[in-house]
Every structure is written in C-alpha cells, then in structure tokens.
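Structures follow.
Next come two complexes built around chain A: one with chain B, the other with chain C.
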Partner chain A sequence: MSVKKISLKRELPTTTLSGFALSGLLVLTILNILLQNMPSKIQTAGDALLKLNATEGVANAVTTVVVFFRGFDTLGEIAVLFIASLGIGLMLHSNSKCNIKAESNFMLQTASKLLFPIILLFGTYVMIYGHLSPGGGFQGGVIIASGVLLLLISHKAFEVPHSVIVALETFAGVSYVLIGLIGLLVLDVFLGNFLPHDISQMGLLLSGGIIPLVYIIVGIKVGSEMSMIVQNLIQRDHDV
Partner chain B sequence: MTGLIILVTFIGLVIVSLAAITQKKLADSIILFMGVGLGSVVLFFIFKAPDVALTEAVIGAGISSLIFLMALKHLGEQK
Partner chain C sequence: MFEFFNQPEVIKTIVTLGSMLLFFVGLFGLLTRKHIIKIFISIAIMETSIFLLFIGLTFKTDFIAPILDKIHLDVSTMNDPIPHAMILTAIVIGMAVLALGVSFAIEYFKLTGKTDIDEMSEMRH
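Coming up: the complex of A and B.
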C-alpha cells in the first residue's frame, strides 16, 4: 500500500492561526460565563426589575425599565441617533438651493393640510402619555417626523428651518444631561428620581417624577433628528 | 381563536418574506418588506408587547420603508 504524500506547500499564516486561537478563547470564556450564571441569576433578572417597578409609581413597566433602570443606555441610544443624523447631514447636505421638487398632486396638498395637525397631536399624545400607555419618546418623535415627511412631499416650498432644529436638539440634549446631573447631586445616582413619585399617584398624568419629563425630552430630540434626516434625504433626492 | 390567528399570521409572514426576497423589481420587494413589518406588528401585539408593536409599526413599517423608497428613487435615476 502506498501512502499518498500530501505536501504542505502553503502553510497557514500566523495571523490567521492567532485569529482562530483568539476567537476560540473568546467563545470558551463566554461559554464559561454563561454556564456559571445560567441557573438562577439570568432567569430572575426581569422579575426583579418588575418588582422594583412599583417603587417609581409608573403604570407602564416598560417605560420604567427604558427610562429609569436603563436611563444611561437611552442616553447612549440618543447619542447614536445624533451621530447617524450628523453623518447623513455631512454626506448629503448640499449648499446649492436649486432643489427642483416636482409639483405634487392637488389631492395630496389638501389632505396633508388636514392630516398634519392630527399627526402632530397624535405624536404629542404618544410622547406625553408614554408612562401610562404603550408608546413613548421614540415612537412619538418618529410619528412627528413622519408628519414632517408628508409636508415635505406635498409642499414644494416647505422646509424646516435649520435654526429651529438646532435649538430644539440642543435644548433636549442639554436638559437630559442636566436632569441626570441634578439626580447625581440630590440622590448620588445619575438620573436619580428626585421629583416626588408617590405610588398612590400611579396612573395620573403627573406621576412618576422625572420619567415623563425625560421621555418628553427624548421625544423632542428624536423628532428633530428624524425630521432633519428625512429633509436631507428628500432634498438630495430632488437635487440630482 | 388566538392560536389560529397566530398560526395564520405566522404562515403568512413566512410566505410574504419568501415573496419579498424573490421579487425581480426592488420596489415590489420594499412594499412586501413593509407587509412583513405589519405582520410582525400583529404578532407582537398578540404576544402582549404593545410597546414593541408600536415601535415596529412606526419605525419598521413606516419610516424605514419610506427611506428605502427614497434611496431606490435616487438609485433609479443613476441607472
């Protein structure tokens, strides 16, 4: 029997081997952590948060988790959205104001005049009642941005003024961090709930301390950023 | 009854997703993608996650599909 000789002409490069080794090490570490924490700690994380929810006096438990227990994450998400808006503005914004928008249909113009106040009202409702009913800042802000999109499509001369967007976005971002810092000063916790949040007030519009305030701020920021993204896309769309 | 709605929605979702990835025209594909978003809104709502359902309806089925359509229009002009 003749054994076929396999000649290893091309050896594996060391970078590939070390990459494989590093990935294997990472997988083993994650598996180890998962196996050690599997039985009790992971399964009860949600239950512990739900038990704590009643202490904040907010009817919608999801809002408590998103804005209060994970409030710092929400700040990071808003920063990510801001960076996305910044990138789209940098890449697509054009100084030449020669956007040739097509004249839209008469029906679309009339309907958008009727619909825009209703969309604005619904978005504001979703934003303000975020701590009582499903919804909140992100959803309400995007609803308002879709109303702006309707106006941008239907009206040729409509444009959201840049100064208004800058003012709203700056106000929202600064006041989010300020609320967090006041909580840090008063309660030694960033984004601590320093306003009165009695559990007997649960279900009222003025309840939950800073949580509705923070969600309204998130809504203003998301709404202005999404409006800017949509406006940049539309103008670029008609520019070329 | 709820189980039947879940089953029908789920099967419809799979069919619409398969149709969305096999379309020849990109515009049809985007419209079907919007349909996938709406189907998952129904599923989220049945599984008692109304917050996620609202987010999916507004962002997944609304704004992102419109942004896709705008990008498609922009691409179509360059072809």
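Coming up: the complex of A and C.
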C-alpha cells in the first residue's frame, strides 16, 4: 500500500502564517511600549547631549554625536563599509576588460558632461559644511558617487581609475586613525578634540577643532568606496 | 484643518501604523517571492520602515532642528539628535549589506544560471 504523499505546504502556508503571527506579536509589543510613557531618563538624554554639544563649538548637533561622541563607532562603520566594498570587489572583479554596456544617447552624454562638475561641487559643499548645516561626510560622499554613476552609465569607455581610489582610501583610513591617536597622545582620549574649539567661533567654517576634519575624511572614504561599489556592480562579463 | 494632525498622539499613531504597514509589505514580499533579488529588496523595504518609525516617533511639532546658533542656544526646544545619528549609521550599514548580498546573487547567477531560491540545492546533499 503506497502512502500518498500529501503536500501540507500547498494547503496551509505555514511559513507565511507563522511569519505573520510573529510580526503581529512584534507590532503588539511595540504598540504596548509606545502607549506607555517613556522613562524620564531616555527623554532627557538628548537634552544632556545638546548641552554638552555647545562645549565643542559645532553648530550641528547630529554631526557632534556622529563624529565626536560616537567617533569610535563611526570608525567601525567605515570599516564595515570597507569590508563590504572589498567583498564586492572580490566577488565581481574580472580580469577581462570587455564590458557590454550599451551605447547611451547623445542627450545623456552631453548633459552628464555638464552636470558632473556641479554634482561634484555640491557633494564637496555638503561634505565641508557638515558641521554647520544638515549634511556631512556620508551624504556628500554618496552625492559624489552618484555623479560617478552618471558618468558610468553615459560614457561607454569611462572607468574609475583604480590607483586613485586606492590612494584616496588609504589616505582617508590612515588619517582617521592618526587623528584619533594624536588625540590619545595629547588628551588621553581616543579622538580627543586637540585643536582649538571655542564656543565664540560657533557658526564659522573654521570651528569645532577636529570634527569637520574627521567628517571630510569620512566623506572622502565613503565617496571612493561607493564609486568602487557602483563600478563593480555595473561591469559585466561577456559570457553572461 | 491640519491642527488635528499636530497633536502628538495623532502623529505617533500615524507613524506607527504606517511604518508597520510598510514592514508588513516587506515581510509579505520576503515570504512569498522566490526571486532572490526581490527578497533582498523586501529586506530593504523592511529596513526603511524601521528608519521611518525611529525618526517619526521622536519628531515633535514646534521643535526646531538640532542646529545650535548664537541666537538659538536654548536647547529645550530642539529635537533629539540621537535618533538621527543612529539612523545615519543604520542606513549606511543597510546599504553595504544590500550591495554585498546583491553581488553574491549576481555571482551565483553567473555560475549556475539560477535565481529561484527553491532550485538552490547545491548545499543540500
């Protein structure tokens, strides 16, 4: 007697149902937490940081949190981005120089030549003014990488020079760690603010000590890594 | 007319329900689609819903952006800068993980020509 195999999965999508049940539980938990009042310590944590922020002389409080109070975490984040870029390069790198990108039309080619310097300028502006206005290294780096992407899809022969990317990444990574180590030597704190930072200078371009410097370095590293990721993803082998 | 939406409870409810709806859209795609790149995109949608929840819950009306000034040194009417910094980190890490996963999928497709996750049985035996 042969046992007829009954596909349970066909009749009852257990995976889907259990997934929905789990996420429903999650929603209920979060709603339960949110409907109660937050503890007062959590509510005042941001105010305490904002008061501390004034002593560093940087106008944008988010920049101070990212680069100064959480500066070591940002170094780890840069390392994660570097490892991801390295993995993508190892995965998708091919020695054959043939790429089968389609020829773009005339309007895209002309407009990209016109737009690329403006995108580069805007990215640099967002990067350098990260401690005064909304923006910063991550955002500026991604804007520059979007300009590189525009060039990559419009020009068939364009390729990001590998040696320039390597030089920029090495320079940015080494100088981030060096600034942190100088802070450790001078002030006994890793990434200590050893340059002059006075509250009377707040709002000027040259203010905040090392914070704008570190954010520019982060921007260079993010921009070069994102450009490399984009270029690796857009290149294809000819046998696919 | 829009003053009804300025109440903190209404904003919190809209943000919570909306981001949870987006989370469910991502979860539905994650569980029902078979194409591997669609699964990665569903994970990205779920991440986005969490970003929206985090930022939206700390948003307060009548509060200004956390940018200090010689005029605006009163920090009691500023928004909390911590969630913005946390979400900035989360966006970058999410982007890196998504790009790495997509590159793995591309390399797998180059080697085997498959994109359906049900057919991926190389490691099963």
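Note that in this section the second predicted complex is superposed on the first by the 195 of 240 C-alpha atoms of A that agree within 3 Å, B and C clash if a C-alpha of one lies under 4 Å from a C-alpha of the other, contacts with A are read in each partner's own complex, and residues count from 1 in each chain.
In this section, a contact is a pair of C-beta atoms (placed from the backbone, for glycine too) under 8 Å apart; a residue touches a chain by one contact, two chains touch by 3 or more.
Predicted model only: the values in this text are computed from it and were never measured.
Chemist: Looking at the overlay, does A:Leu233 come into contact with chain B only (first), chain C only (second), both, or neither?
Modeler: In the superposition, A:Leu233 contacts both chain B and chain C.
Chemist: Contacts for A:Ala157 in the overlay, against chain B (first) and chain C (second): which applies, first, second, both or neither?
Modeler: In the superposition, A:Ala157 touches no partner, neither chain B nor chain C.
Chemist: Residues of chain A touched by chain B versus by chain C: which partner has the larger set?
Modeler: Answer, by number of touched residues of chain A: C.
Chemist: Determine, under the contact definition given at the top, whether A:Val126 touches first (chain B), second (chain C), both, or neither.
Modeler: first
Chemist: Taking the superposition on A as described, I'd like to know which of chain B and chain C A:Asn53 touches: first, second, both or neither.
Modeler: second
Chemist: Kindly classify A:Leu206 by the partners it touches after superposition: chain B alone (first), chain C alone (second), both, or neither?
Modeler: Neither partner.
Chemist: Looking at the overlay, does A:Leu114 come into contact with chain B only (first), chain C only (second), both, or neither?
Modeler: neither
Chemist: A:Val62 contacts which: chain B (first), chain C (second), both, neither?
Modeler: both
Chemist: Have a look at where A:Pro134 lands relative to chain B and chain C in the superposition and call it first, second, both or neither.
Modeler: both
Chemist: Where on chain A do chain B and chain C both make contact?
Modeler: Shared contact residues on chain A (touching chain B in one complex, chain C in the other): 60, 62, 134, 136, 138, 229, 233, 237, 240.
Chemist: Given the complex with chain B, which residues does chain A contribute to the contact?
Modeler: Residues of chain A touching chain B: 60, 62-63, 126, 134-136, 138-139, 142-143, 145-146, 149, 226, 229-230, 233-234, 236-237, 240.
Chemist: Please give the residue numbers of chain A that touch chain C in the complex, ascending.
Modeler: Contact set of chain A toward chain C: 15-16, 19-20, 23, 27, 30-31, 34, 45-47, 49-51, 53-54, 58-62, 64-66, 70, 73-74, 77, 80-81, 84-85, 87-88, 91-92, 132-134, 136, 138, 202-203, 222, 229, 232-233, 237, 240.
Chemist: Provide the residue numbers of chain B that touch chain A in the complex, in ascending order.
Modeler: Checking each residue of chain B against chain A gives 50-51, 53-55, 58-59, 62-63, 66-67, 70-71, 73-74, 77-78.
Chemist: Across the complex, what residues on chain C touch chain A?
Modeler: 12, 16, 20, 23-24, 27, 30-32, 57-58, 65-70, 73, 75-76, 78-82, 84-85, 88-89, 91-93, 96-97, 99-100, 102-104, 106-107, 109-110
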